[in-house]
Each structure stands twice: as structure tokens, then as C-alpha cells.
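Attaching a single structure in C-alpha cells format; questions to follow.
Labels run A, B and C following the written order; every chain starts at residue 1.
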Amino acid sequence: MADPRFFHRKGPFSIKEIADLTGATPVNAPDAERRFDDVAPLQIADSTILSFFDNRKYIDAFVGSHAGACFVRPEFADRAPQNMVLFTTDDPYRAYAKAATAYYPFETGNGVISDRAVIDPTAKLGTGVQIDACAVIGANCEIGDGTIIASNAVIGDGVVIGSGCKVGAGATISHSLIGNLCLIYPGARIGQDGFGFAMGPQGHAKVPQLGRVVIGNDVEVGANATIDRGAGPDTVIGNGCRIDNLVQIGHNVELGMGCVIVSQVGISGSTKLGNFVVLAGQAGITGHLEIGDGAKVAAQSGVMKNIGPGETVGGSPAVPVMDYHKQTVALSRLIRKKK
Amino acid sequence: MADPRFFHRKGPFSIKEIADLTGATPVNAPDAERRFDDVAPLQIADSTILSFFDNRKYIDAFVGSHAGACFVRPEFADRAPQNMVLFTTDDPYRAYAKAATAYYPFETGNGVISDRAVIDPTAKLGTGVQIDACAVIGANCEIGDGTIIASNAVIGDGVVIGSGCKVGAGATISHSLIGNLCLIYPGARIGQDGFGFAMGPQGHAKVPQLGRVVIGNDVEVGANATIDRGAGPDTVIGNGCRIDNLVQIGHNVELGMGCVIVSQVGISGSTKLGNFVVLAGQAGITGHLEIGDGAKVAAQSGVMKNIGPGETVGGSPAVPVMDYHKQTVALSRLIRKKK
Amino acid sequence: MADPRFFHRKGPFSIKEIADLTGATPVNAPDAERRFDDVAPLQIADSTILSFFDNRKYIDAFVGSHAGACFVRPEFADRAPQNMVLFTTDDPYRAYAKAATAYYPFETGNGVISDRAVIDPTAKLGTGVQIDACAVIGANCEIGDGTIIASNAVIGDGVVIGSGCKVGAGATISHSLIGNLCLIYPGARIGQDGFGFAMGPQGHAKVPQLGRVVIGNDVEVGANATIDRGAGPDTVIGNGCRIDNLVQIGHNVELGMGCVIVSQVGISGSTKLGNFVVLAGQAGITGHLEIGDGAKVAAQSGVMKNIGPGETVGGSPAVPVMDYHKQTVALSRLIRKKK
């Protein structure tokens, strides 16, 4: 049901194919060759459509859905409408991701170099690289197989980008080494000078920023997000990180693997995150801190101190999340007494 | 007095013309044919100039102004300088908006297609459409009469934009349907993938984002603001909404009519706003919430729960605004006691 | 040690040259002609390298460093490794900035105008101006000597930019007068309409924005930052200001000299800052306020009232910083009692 002006569908896929693809278990599925045409949300799916039920907030939509098939956790199977084919799995959203990607595969380079792109003759382009109109590729760049550089993106001299990446329209990258399978969204700014200067009443003296941005594989950098290059050391983004729109990452920051940085978060210079850290929206992390593996920071928190592995914090200044909730309760009690 | 390098003035307009245009009532205006050359703030206006007095914080500027004429609420008329022509109205700022627009009409397309623009031959352009240098227009786009696409803007395949719109320099739009009379400011990002993935220690699996962004008529989207397309449903922006710079709007978010979203606000995925909701600067709204018609959220608030129609909330986490003020007072008392 | 793909080094420089350049005093430096090849952080520098020690958090790195030379405050000289040449100075970071700039001078225009740039014939370009591919320069622009306009930047009609500036890739500037030696980072948006409209249930009427952005000398505007032009008065940024990434500056805002505005700060319309004001990350300042010379605002603060010269505030709503710390302590005590 996705708008055909924007999306090009594959399929249909059979119950057997979907099960093989996702590892989910077909239930209430007498005919393994039955095929589904498309994926769609529970609310709008009909009997030809495959859907998913993950967030229990939407249980009513599941119970009332006309979807032909649905990924679901086993414990909700008995709440399904009578004729729905179920694919049970512990992670319905991940199974849906895989199935939806079969119906709507991710874009890869079509090998077309626009004659309106501007490419330095010393740049090295891999097989299947696609460069759209008005993109600008600097001297000695290296761009890996199948990577797409969209319209009006600017890739500075010497930048290395791996294979299977997409750099969105209007994004700019300089002083950076980027791995494979990365998605850089429109308007992202990667590799510019950090905010480095010696302050003083006689003026703020700019400090040359001599590091790079080094990004691993399978990283996403959101629309209009900004990642400054290192001041001397590098700014480093580990494999598998997801960085949302309008996030700011200062110079010398390091992210481990699989970190999730939600929209409008700011991370100040030289702070280091371990693996699988989650920073919720609009959180701010001050500079020169260490945030341990698996730490979680609540939305709008202001982190002023190191966080140990696995800890969850909230508030501004941030405290352990249970204390944060207690503070919130205490504050609300305080005013109830005064009434 | 606007700098002629940047602004091209019409007029002058007579008292009668100004009254007809704005609906305001001339007072102290013996000669209805007297004309005013320009509009300007109270502080710098002279006797040839039309001004306005709206924010009572600036009463001294009104009382001491040399402006020839001024839009003013009736109750302040007797504070005016002796020779000032008054246009009384209950909404001086709106009357000024209309008059200023007569002196400085909004830009509309001049019908010139730059030979340095890159336009797919299947794109359909209305009458008077203006496409500036290095703008890129994709396949099967439809762009309505008189719309301007400024330099370096990128309009993706299939995008539909109505008439009388302006897409600012360097903005990018994909997977979107946009109504009439919309202003998209420079660097705005509309229609890119939302932040959708199935998290897990084995990596975060990207979920195809199969919806669109659907924007009504008379909508403004600020500079470097980001609006992600829907994941399956659409992201929807109602008629007359005003979205300021650097705002983030997540996938599947819906805004009713006339919402005002101030700079640096973030709205997480699947949250739905009613009509005429106001979110003040840097507020954050968590996902999957419902915000009722006419609700107001104070600056920097963190909204974690639904808000009913007409309610005003503040604080992080947000509470009814009176409670928020009481909490602030209670906190300040708490430390006074401890001294 | 900076990556030669991205950085082009000058030098080496002798102890005498470095001392002359920076005003620092050589200590433990028997041979004034000894030369150092490069600058680098303490942790990775070897005996051919000049480094600096400024933040005492990194004292261990200093004590254990193999750097050949180091800028250091006199009081730490006796903690230096035995063979390290020291350059003592009260401001090691500023001395390092000067030295590093000698090794890695800032870019200036190379006088090349790309034949893929689009330049209105009425634009006036100074000597040595560099215009990169797909940059667009409007009618009657004036661009001073040695200024660089990077790829895909868009300079609107009538804009004046001084000498020695760099406008980064994809930045857009309109309705603005900009001084000398300014650095505008990629994706910055300067001069677009402010968020001005008369609100009302019949729709929000757009108010023409008739002012400009006037920027002094030696100003930096960060990546994807936004500065709206004035509504009638101008938006003014004083000499020497440093504005970080993703900052929002509303219409009619005025900044004095040397202000430092850290990432993701928002300043609402018509607020005026004095000289050398510092706003830390994610702070928000409401409109129509006055912030005195030398005032400091802590990260994430929400400023709702004027701030006097030299005052420091914190919290949301912001209060004097000592009160803010006391509030934080009081809150944490409150929940300890309840356990």
C-alpha cells in the first residue's frame, strides 16, 4: 500500500518464504504457499497484507485488525482475530524489519554518474557507484562499490567512503574515513572544525583542528546532524551506531559499538561512550566524561559525571533514574502540602 | 527604510487604502489621502512612516515615537504622541502584517528556469514556476503555479508541491505531498527515513520507512528543521502550521491545523497533536502521545503523558503549569530555609 | 602526525621561532635552534613533536608523555618528564593555538573560480577570491579579498562578505552584511525570515521580515546553525563571537563582542547580549531580555529574566548559580529523608 510514486515493491512472498527469511514460526497457516502482497500497519492492512504487533499499547488494533498475517509474540497469539495467519517470534519488530526489507529492498548504486556532478579526476570510484546531479567529489576521494552520493552532497578532498553507503542530498563530509553500509542522511555535516579556541578578553584564538572523523560500518547519521572532527585525536563512531536527526557530536568524542543517540542530543568534546549506550532525545552530555557500556540516559537529562556500565540516569543534573523519579514525586508532594 | 539591496518597496499607500486593507479605524486622521512611504519599528520611524504598537513592554517607544502613523489597540490611543495618525484595531500586529505585506509583497515565481538547474524531463511544472541554479528536480515531480525552487534545493522523485510555495536554498524534500502557499526554509529536510530499527545486541535492524510526509496549505517549515516520513502511516502536518528552525518531527507524527512549534522542539514518533497546539522552544514530546486542541507546552518542558484540550503544562517531566510554578516556588523556598 | 590526506604541514620550527611566535618562555632548552616537526596531543607525541598541557585533568598524560616539547603553566614545570623542552606561559592553550596555526595555516582563497559555479555578472569579487563548484552567487553581491565560497554554498542577492572569510559547503546566506575573517560552517543558515506572524484562530498572518543580519569581524557560525534576519531592526552579531553548531538565533537578537554560544543553544527574538557572554550547551533564552556583559549561563538552563553583568545562572527556570546548586542538593536530600 506504500505510495507507488515513492516505493517499488517486490514480492509477493509465501508463508514459507517469509518464515525462512525471518526465522518466525507460522501458526494457523495451513497453506505454506499462500502469498502476501505487501506489508502495512495493523490498522489499514487487509487479508492480502502482512503486518506486525510489537507495542502492546496497540493491542486493540491487533485484536481488530483485518491483516492476513502478522508477526506476534507467542503470548499474544490467542488474542489474534480468527483467520489471521500468525508468525510467532520473540522479536516481531525485527522479523517485520526483515520481511519489509524483502518487499522494499534498500537502494544501492545504479552505476550512473550524472554529467552534472563535479568529480575531481583523481577520485577513485568503485563499481556501481552512483553520483547524482550537482554532487561534488574532491581530489583523491575513494568511494566504494555500490555507494550512492545524492544530489548536492559535497565530499571533501581525501575522504574515504566504503561500499554500500548512501550519502543523502545536501550532506557534506570532509576530513573523514567512513566504513561500509553507512547511511548519511540529508544535510548531515561530518568532519568540519570542532569548537576549539583559546578564550580570552583579547579575543578567542582559533585552534587548528587536526584530527579526523572515523566512522565504522553500518552506521546511520541523521538529517542535519553534526559531527565535528577531532582536535588532534580523532572523533570516532563505532560499528552499528544509530545517530538521529539534529544530534551534535563534538570533537574527540568516541562512541563504541551499537550506540543509539536520539534526536537533538548533544555530546560535548572528548567524552567517550562504551558499547550499546542509549541517549534519549535532547539529553546533553558534558565534555571529558566516560559513559559505560549499556548505560542509558533519559530524555532531556544533563549528564555532568561519569556513568558506570549498565547504569540508567535521568534529570538535569542527571542522577540514578530511581532517584530521579523519587525527586519528581517529592517535588509534587511538596506542593500538595502547601495547598 | 528596509535596505534596498534586499527589499523592493511598493506604495506609498494612503490612510484610506491602509484602512481598507487592514480593517483598522483611522483616528486623528483629517486627510484620508495622506500617504505613508514605508513601515518601520516605532524607535526609528519618522513622520512618513507607518508603525505598530503591540507588546506593551514597548510603551515608552510608543509614547516617544516620531512615527507618522501607528496601529494600536483603542485603549492605548490616548497615550499616543500628538500628531500621530492612529489606526485602532484589536489586533495591531495582524493589521501591521497586512500593511507591511502591501509595502513588501511576498515573492512569487518569475517563470525563469535556470539553465543551471537539473530537471528531470518527466517533471511537470506549472505556470510561472521559478527554478534557480543548481536546484535538482526528480522524475515525475509536480510543481504548482508560481512556486519557487531556490538554488541547490533537491526535490526527490515523485514529490508533489502545490502552487505559490517557496522551497528555500539547499532544502531537500523526498517522499512528500505538499499543499499550496507553503514556505520551506533553507536547509529544511523533509521526507527522509525515520529513526526506525529493531534494537538488539546482534545489531540494530533497519526497518523500511514506507509512509510519506503530507503537508497541508499555508504551512511554514523553518531553516534546518527535519520532518521524517512515516514508517507505514504518514507523517501529517495540518493547514496553517508554523514550524520554526531546527525543529525535529519524528515519523508518523500528526499535527492538526494551526499548530505553532517553536525552535528546537522535538516531537517523537507517532505522537498526535490537535488543532492550534503551541509548543514553546526546546520542548520535547515523547512518542505515542495525544496532545489536545489548543494545548500549550512551556519552553524546555518534557512531556511524558497525554495532554487534554486547552491544558497548559510546564516542567520536565511536564505537569499542569500552575503546579510547575508552585514547584519552582517550593524549590526556592526549600533553599531559603536551609541558609 | 595529522593525516596528510587532509592536512598540509609547514615547518619545522625552532625553539627560538616558537618562542617568538607565541611569547612563551623556553625552559630546559639548551639549543635554541632545535626544531620540532609537528604538533600533537601529549598521549601520542614523540621527541620530534610539540604539545601542550592545559587541562589538569590530563596531568598523568603530561607526566608520562614522550613529547619533545610542551606548552605548560610555570607551576607544572617541575612535573615534566626529564628531557622535555618546556615553553612556560600563563595560557598554554593560546600559545598552542598560535604554534599549531604556524604548522597548519588557515586556508585562504586560491583565486580559482570554478567554471561550475554560478555567479551573477553583477557580483563584485575581490582579489584571490575562491568560488568552488556549484556555489551560487547572486546579483550585486560583494565578496572581499581572499574569501572562499565552498561548494554548493548559496549567497543571495546583495549580500556583502568581507575579506579573508570562508563560507562552508552548503551554507546559505541572504539579507546579510558580514565582516572580515569570518568562518561560516557547512549548512549554516543566515538571513532567512524570522518566525514572525500574528497568531489567531483565523490563521497565522505572516509578517514581512524587513531587517538584515549584520555580522562583525572574526566571527564563527557553526555547522547547521541558524540566524534569522531582523523583523525591522537588524539581527546583530558582534566582533569575535563564536557560535557553535545547531544554535538558533532569532530575529532582532543582538550579541555584543566575544560572546561564546555553545551548541544547541536557542536565543529567542529581540534578546540582547552584552560583551563576552557565555551560554553553555542547550541553554534557552526567552525573548526580549537583556543579558549583561560577562554573564554566564549553565548548560540546559532556561533563562526567563534579565541577567546582570558578570552574573552566573543555572537551572530551568534559571536562578543564580549558587542557588541552583543548593536546589540540586536540597532535592537530593529530600529523597534521602523519604527512604
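Operating definition for what follows: a residue touches a chain if its C-beta (ideal position, glycine included) is under 8 Å from a C-beta of that chain, and two chains touch if they have at least 3 such contacts.
The shown structure was predicted, so the numbers you read here are calculated from the model rather than taken from an experiment.
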Chain contact topology (line, ring, star, complete or other): complete
Same-site or different-site touching of chain B by its copy chain C, using the half cut: different
Chain B and chain C, separation of their C-alpha mean positions in angstrom: 28
Interface hub residues of chain C, defined as touching at least two other chains: 134, 152, 170, 187, 224, 246, 264, 282, 300, 316, 331, 334
Contact footprint of chain A on chain C as seen in their complex: 2-3, 5-7, 39-41, 43-44, 55, 57, 91, 93-94, 96-98, 100-101, 103-104, 106, 114, 116, 132-134, 150-152, 168-170, 183, 185-187, 218, 220, 222-224, 240, 242, 244-246, 258, 260, 262-264, 276, 281-282, 299-300, 316, 328, 331-332, 334-335, 338
Contact footprint of chain A on chain B as seen in their complex: 118, 134, 136, 140, 152, 154, 156-158, 170-172, 174-175, 187, 189, 192-193, 195, 197-201, 203-208, 210-212, 224, 226, 228, 231-233, 246, 248, 250, 264, 266, 268, 282, 284, 286, 288, 300, 302, 316-317, 319, 323, 326-327, 330-331, 334
